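Note that chain A is present in both complexes that follow, paired respectively with chain B and with chain C.
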Partner chain A sequence: MKFRELRLKGQLAMSFDSEPMDAAFDRRQFIRASAMAAAAAVAGITGPALPILGDESLTGVNWEKAPCRFCGTGCHVQVGVQGGKVVAVAGDRNAEVNKGLLCVKGYHVGAALYGKDRLRKPLLRDGNSYREISWETAISTIADRIQAAPDRFAFYGSGQWTIPEGYAVQKFMKGGLSNNHIDPNARLCMASAVTGFLATYGVDEPAGCYDDLDACDVLIMWGNNPAEMHPVLFSRVIDRRSRGENVLLIDIGTRRTRTTEACQHYLEMKGHGDLAIANGIAHLLIKNGTWSRKFVDQFCSFKAPDDANPNLHGKAITFEDYKALLEPYTPEHVEALSGVSADKIRMLADLFGNPSLKITSLWCMGMNQHTRGTAINSMVHGIHLLSGHFGSPGNAPTSLTGQPSACGTVREVGTLSHALPGGMVVTDAQNRAKAEELWRLPPGRIQETPGHHTVKMWESFCTPTDKGGDISTIWVQVTNPGQTLPNLNKLFNPKGDNKAGLEDKFLIVSDVYPTATTRLADLILPSAMWVEKNGMVGNSERRTQQWFRMVDPPGEARDDCWQTIAVARELFNRGVEGMKDRDGQFLFDIKNGDGAPVPIWEWEHYYDTNVDEHLFEEYRQFTRFKHKDLAPYGEYVKARGLRWPVVESDGQWQETRFRFAEGFDPYVAEGKEIQFYHSSTHDDRAQIWFHPWIAPAELPDNDYPFMLSTGRVLEHWHTGSMTRRIPELSRAMPGAYAEMHPDDAAVYRLRNADRIRVESRRGSLIIPVWIDGRGKPPKGTLFIPFFDETLLVNDLTLDAVDPFSKQPDYKKAAVRISKVPS
Partner chain B sequence: MTTDRTSNAALLTAFVIMSVAVAGYFTGLQAPMNSNSVDSERSPANQLTESEEPPEVGVVPATDNGVIPATDYSEMVRMTAARRTPDDLASLKSSIDPLAEIRIRPEDKLMALQQRSQNRAFNGAPPTVPHPIDQQSDVSCIACHRNGAVTSSLLIPKMSHTMMANCTQCHVESEPRHLPSVVFRENLFTGLPAPTGGPRAFPGAPPQMPHTTWMRSDCMSCHGYSGRHGIRTTHPWRSNCLQCHTPSATLEQTLQHTEPQFLPGPEISNNQNNGP
Partner chain C sequence: MIASLVVTLDRCHSDLHRTMDEIASLPGVEVPGPEGLQYRIPILIDSSCPDVLEERTRQLQQIPGVAFVDVVFVHFEDESGEIPGAPSERPTCHEL
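After this line comes the complex of A and B, so read on.
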């Protein structure tokens, strides 16, 4: 409650105090109105335009902070609310992440709430149509499905879940239903980044932060197009040049993009070329004697994969073993494997071999959506460690996330099939016991076996029960798997096929708009979004952020977290044992200041208390185990996010900019300089991995001669369910297209906007061609963005996954094309 | 779709007509703006003075997609020859006196605001780009917008944030050029409208800025000669704008607390009123 007051006070302080209205007001209004009418008449304006009111339009606008709804950068915006609606958005100048700047999506994020077709009522499938039902019916329908087969129920969540939303589902599933079938869309996005961090440092998430971008001399982007995907971070680097600073930008990629245009070097590689390039750099560092003997001797050990027992520990090797394994990766051999010239490999090795340069590496989907994602993530960490480019401002290997809380909710709360909050895992008996203790559960409640990862979960859902499909109900929240899963014809589309034998399967979808996923849903629940609810998220640089509800959701839309708690309560009322803690109390029992329980499962009472604050304070206890300490809720109310570990010292909560580095990280012992205190070898050392180059899972051949890559565009965020309803963004980028090289277009006699049929072994798609458009793919490759729900490139993609992270590769599928006569 | 087309056409027509009007205003020199008397009855809106009807100037019509058609070769020969004549050279001299006094009528300002609102989602939104862009590079943006310009047919706004190098991060095309225009789903967002002016302490007082100076640090990019007539400064000879026009602490977001804080005042004791 006290934060509500604080919030109201903040609103008052931020509101624009105008001059008092005077007697001339009415006349002034009249003059303006007539002048406006005259002007409009002169101009012959008939089209839509903003009403022009006058300076009074600035009054009554309350400005309040919130992180942007879209990507993982974690920009803060100032949200202008007037008359119960969001009417304007400004970059937050007090936010360290974006320092007052936004990208075009962020500036228009307010309009994402007001698409005309927002879902407003719970809808239950009735044959080929839906009928509106009450929330009571919806909640009891879900409870029926769960009770009928609790172990065949799965929850498919999201890196857009707020931290409390994800935490509630995590507790409901693993602690309540004793069911580990919970996995998020982030599996498709950054699972390989996680396994890369775990394999290298023994603990997840980047050591560096965005401050590195202000300090680095060299920025290497590995298969990354931040000019479009993380524009605010990209500007942060290239705007340094406007101030006269020198930054060397290097783009290692599979097609020319807007990022390339700002780079001094463009290293065009073939798919999986990055594996060879990383080995080539390490090979030369050792050969030239430019590796950092001091850093390696003090802080690192060497590892190689253990083929007999494949896991993230691998087998320990010596430096001599490592050197021998790298021996074949000469610059010339790397050129043959990657397509990048030997000279450019030498250039990279010389940069890494120069200890006076500060080098930051950035990557995102290029390295993560990769059937060797764990390997390439580990190897890029490896060359930073081998060369000592680690642990000081500007020297960092940093992976970026694509969703606002992939880090906060998925990686930290652990909403993955094998994880528990705070970096713990279900397979570890001690970890389970700790979680059971904090959740006040009877011992043995949490199951030991990991649940299904994303691809397995949907494969089981799309397999008939009598043929071993052991998932019969999936509840989807805050994501759109009908568009984002790879190989949709295998993993999603069968649900809509009457002959697939899936009549007993039931799909529940909570969302804000109709999507490619709700299309096949049996039960659709209307959700509140962004500033229609309280929330907390965690961005790519370990920064935990908080905001308050500012406007009401439309119709009967309600918070996702309330939906989860309401179902849990329904099961509790029906006597389901799992919904009780060891004392018989409800799992989500919340008491107000007087010790009286608050019935938060009743929507009218959900905002009687701050549920987020209660859940967060409970969750916060878990964050100590792996030194990912979070501060009390109130600290986040005051801040524009804080980077963990946030540790109290001298009565102040201090954030941490650079982990494992003395002077920055409070958990590094004095005199240690660098301390990897969660080392998997328990000796404070990080692991430098060798991994061999391995070919992609699918390569072009005579039948399917093109390599297809997918990705995103500046204007649309992921599946476009929000951004495509914003006119400014939709008009700039109305639909998907296939980028191709002009020479290939000439062979197929194609011109811009001609339609082609693109076919893979898994599906086909008819799509217009854009030659030399936004990006320039090299000969023999195609690029299709995935934002368009009417042109689903994931009908074509491959569902092969990385062996450790189980993350699919969306960047390499063999396809063929043919011209479609117009 | 068809209604969209119709309204687009209407907007284009409106734009052309307004361009004529705006360009016309630049040519007329106006009488001195105001007397010294402060009329307490006057509101900020009607402090603006009347101007004469603008004379017509020639305008090259834009095509449907906003592109000015290329001159064909025969025409080019004729124009090149024409350009060589000394008379024509004289006509290249700008008709704009940058120090001339500007007079603005209320409807001029409303028209300028209306024009601005055509490619902004709300007051403060980055404008969308009303012409084709280079999809891959920002170099072409800088070429024209670094300094801005006014020609007989075009008004090219000057960048007000030259320290930023990634133009397309915020400014996207108003209309797609590579694919047919389709607004995917209707949106009911209603943006904050632009104010006609900032608040004044009293009639005649300099108005406070009704917008942030963040990324609008060069006042002249909108209020100078390459800005729209209706929002140009009426006193371009003064160059220290912030001397009189203060920013708003709220909109600047420079302060966490907008209420000024003071030391406690002197404690005044009055012996007679002191209680026991």
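After this line comes the complex of A and C, so read on.
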């Protein structure tokens, strides 16, 4: 069968020789032709094809743009809506991130809206069941809890909060309630990336972007599996190979994955082996004289931990100190610590020592969920700086995120317990004063003491009040801590234990589906999701993206942002001083074109104006303090996202691909070449860190001889609360399993699908075994994914955290196993 | 459901013609691109059973010589208005 071009209403489509191309060209054929035209265009066989999707008169489908709901890659999709329902999804050819492609989850991003158990009504716990209540009662109930103990109230949010949603909660908590107990689930996934950037450059987020993937000669993945977790990005590299380009792919990991299959080198390491490997590379760069003296002399300083006074910025050391500290990390010593052969360490050092190569490093949870996460993040930046592999296309150390707005909302809006919008912090008096000025608050409204970080927040919630548990109410939005917190038997499950002495504690959960978290909730609020509401998010490469509401949410489900503002208004109506600005106006006062207030706290008026636009324009003022400038809202309406800093030049809003590099970053002064203008040492220099290798927080021993790692799978996104409701994905990956090495299985006389009990010092789980499965863990290790709410691997994991980022380690817990008789 | 995909081939694979033949032989998969060896192949899958899309995608990924499979377009053509909450509620698809 051959294809041929077809013109319909002046637009390019495609048909098949076997099919008629006349007036009888029916709707289904038209959709087939559209689908094929889109794929052919992406494959480079024809020119642009997506305009055909816009012809509503032919298909009855109206197409609009939105970023995908799932991971942090930030793919743009075209969403087809017909009859008030999402009926089709296409990769957006105009989007630089994905250039028309989607991953397998793209099949189902639309279907994720339509699970039949969508929450549709507010529900209040009544003994062991729930009763439906009105929104008025729900809002009033929350206001009662806050008023009763405002300092014992906490907000637990998400990297899936849109930017306006997170900003509204940030202002409500820190600016309204003078309460810093707000933290997101992103604490569990990328907090160590943040502290790594801060410790190195003095400011958060990657300098490079996805364009580096198109330009690098070597791509090193540090504990990262992009083939399954960020497939569109990995596909971009594989596509370069298909066009005959040479790209060397190196996988440094603790188990073989689909990524490994595409790599020329797989370096299998032990847990925390990355710390030794990074030191081994630096050791050899110096020993071989292949470090970049020019780059280091001009742009870098050296740091080491300050053991006497542990802090994120450590103490300054000299190059000679750094060299001496690295001296023990010979390739052979690194081999002993990491399990990676000395020859492979030399190979890595030779690559970094070659200035003609362009090297990009990628990482995600492997380096972040690590009790030395800040250290290893800083060290990988350090290797790039020491070798001069920084600041030009293809030379970049780049962390990826797992949620659509972990960067845009959590890191930029600052929905962390210590942060303020725009990279500012509550501990800095000038920062607080700036926030109070922009929010028009009386001086001193914002508290200087950071609130509880995630682990501390939930520990406090699950500790009886009379035993020091100082959090009594948590409001959860857009996340599922009942499945994702580590050590659930300590940090979450006690809420459901009648004998735990937590009767006075109250859990509020806003979500779209029932989850492991709503199971223990006292109040459940039904939320709108994705294209049921307006939104803005920020992806892993500093790209801010926008979309409009396209369909109605089901039942009485409502926007999370509205929920927050409605509670704020209820408190305002009750006279709570914090809900007023210094002029006595409501914190979220929005006026229409005639200067009259729009009652956005009333649902029927929420969309009388674009609340997102109002909140974003207010938030945007914060972004200039740390050179993270965002453009006006309208610019994002026109674009498929823009990478900050976005500055106006000659009447055009220009994005920035590579930060700190002259010619790319508008804030780098002329002639500087590279300028780290937020340097923690205030001299435009980045910091190259030494950190010693330190063993994981828990190691296998005679009682618990296996090392357990956890993670994600291709078919399900995070806790599966959306993807497990999609029958095709659920059938493809119905339940969790324990991946195991065949030799270990033989010792325990296990075959595939046999059930084992996996026990840690914190909990146990009965789960089927998968030997020689998709992932291949080495002997002595197990891997269990966390998507299955019926098999909660986080009953087993550790709640030990990195000392600076406070991020837990989900990758290294000692466990033992036993066969469960069938 | 109607879906289109792009299959990226491994340029170093020894017998890509065989790879393309295997792709074209999958039931329900149409390869209507131009004849001759390409490294990025547009694919069309048209099925009344959503599971077929999922299964064919997986099968494509497993064919020797296939480096990657990306989704480009999906039209659900859903008539029920709602998908079942539990997999067991959905009838078995005989196209698989």
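Brief remarks follow.
Basically, the second predicted complex is superposed on the first by the 764 of 822 C-alpha atoms of A that agree within 3 Å, B and C clash if a C-alpha of one lies under 4 Å from a C-alpha of the other, contacts with A are read in each partner's own complex, and residues count from 1 in each chain.
As a convention for this text, a residue touches a chain if its C-beta (ideal position, glycine included) is under 8 Å from a C-beta of that chain, and two chains touch if they have at least 3 such contacts.
Here the structure is a predicted model, which means the values were calculated and not measured.
Looking at the shared chain after the overlay, A:94 reaches chain B, while chain C stays out of its contact range.
Once the two complexes are laid over each other on the shared chain, residue contacts for A:63 go to chain B alone; chain C is not touched.
By the document's definition of touching, neither partner reaches A:593: not chain B, not chain C.
With both structures placed on the common chain, the touch criterion links A:733 to chain B but leaves chain C unconnected. Of the two partner chains placed by superposition, only chain C is touched by A:244; chain B is not. Set against each other, chain B and chain C touch different numbers of residues in chain A, with B touching more.
In the superposed model, A:753 makes contact with chain B only, not with chain C. By the document's definition of touching, of the two partners only chain B reaches A:774; chain C does not. Comparing the two interfaces of chain A, the one with chain B and the one with chain C have residues 16, 28, 31-32, 35-36, 38-40, 42-45, 80, 85-91, 100-104, 107, 110-111, 114-117, 227, 231-232, 234-235, 238-239, 241-243, 262, 725-732, 734 in common. Chain contact summary for the complex, chain B toward chain A: residues 7-8, 10-11, 13-14, 17-18, 21, 41, 43-46, 105-108, 110-111, 113-114, 117-118, 120-126, 128, 135-138, 162-166, 168-176, 178-201, 210, 212, 214-215, 248, 250-254, 256-259. Chain A contributes residues 13-16, 18-19, 24, 27-28, 31-32, 35-36, 38-40, 42-58, 61, 63, 78, 80, 82, 85-94, 100-104, 107-108, 110-111, 113-117, 227, 231-232, 234-235, 238-239, 241-243, 256-258, 261-262, 513, 714-715, 720, 724-735, 737, 752-753, 768, 770, 773-776 to its touches with chain B in the complex. Listing the residues of chain A that touch chain C in their complex gives 1-3, 16, 28, 31-32, 34-36, 38-40, 42-45, 80, 85-91, 100-104, 106-107, 110-111, 114-117, 227, 231-232, 234-235, 238-239, 241-244, 262, 725-732, 734.
Partner chain A is touched in their complex by these residues of chain C: 2-6, 8-12, 30-35, 38-44, 46, 50-51, 53-55, 57-58, 67-78, 81-87, 89-90.
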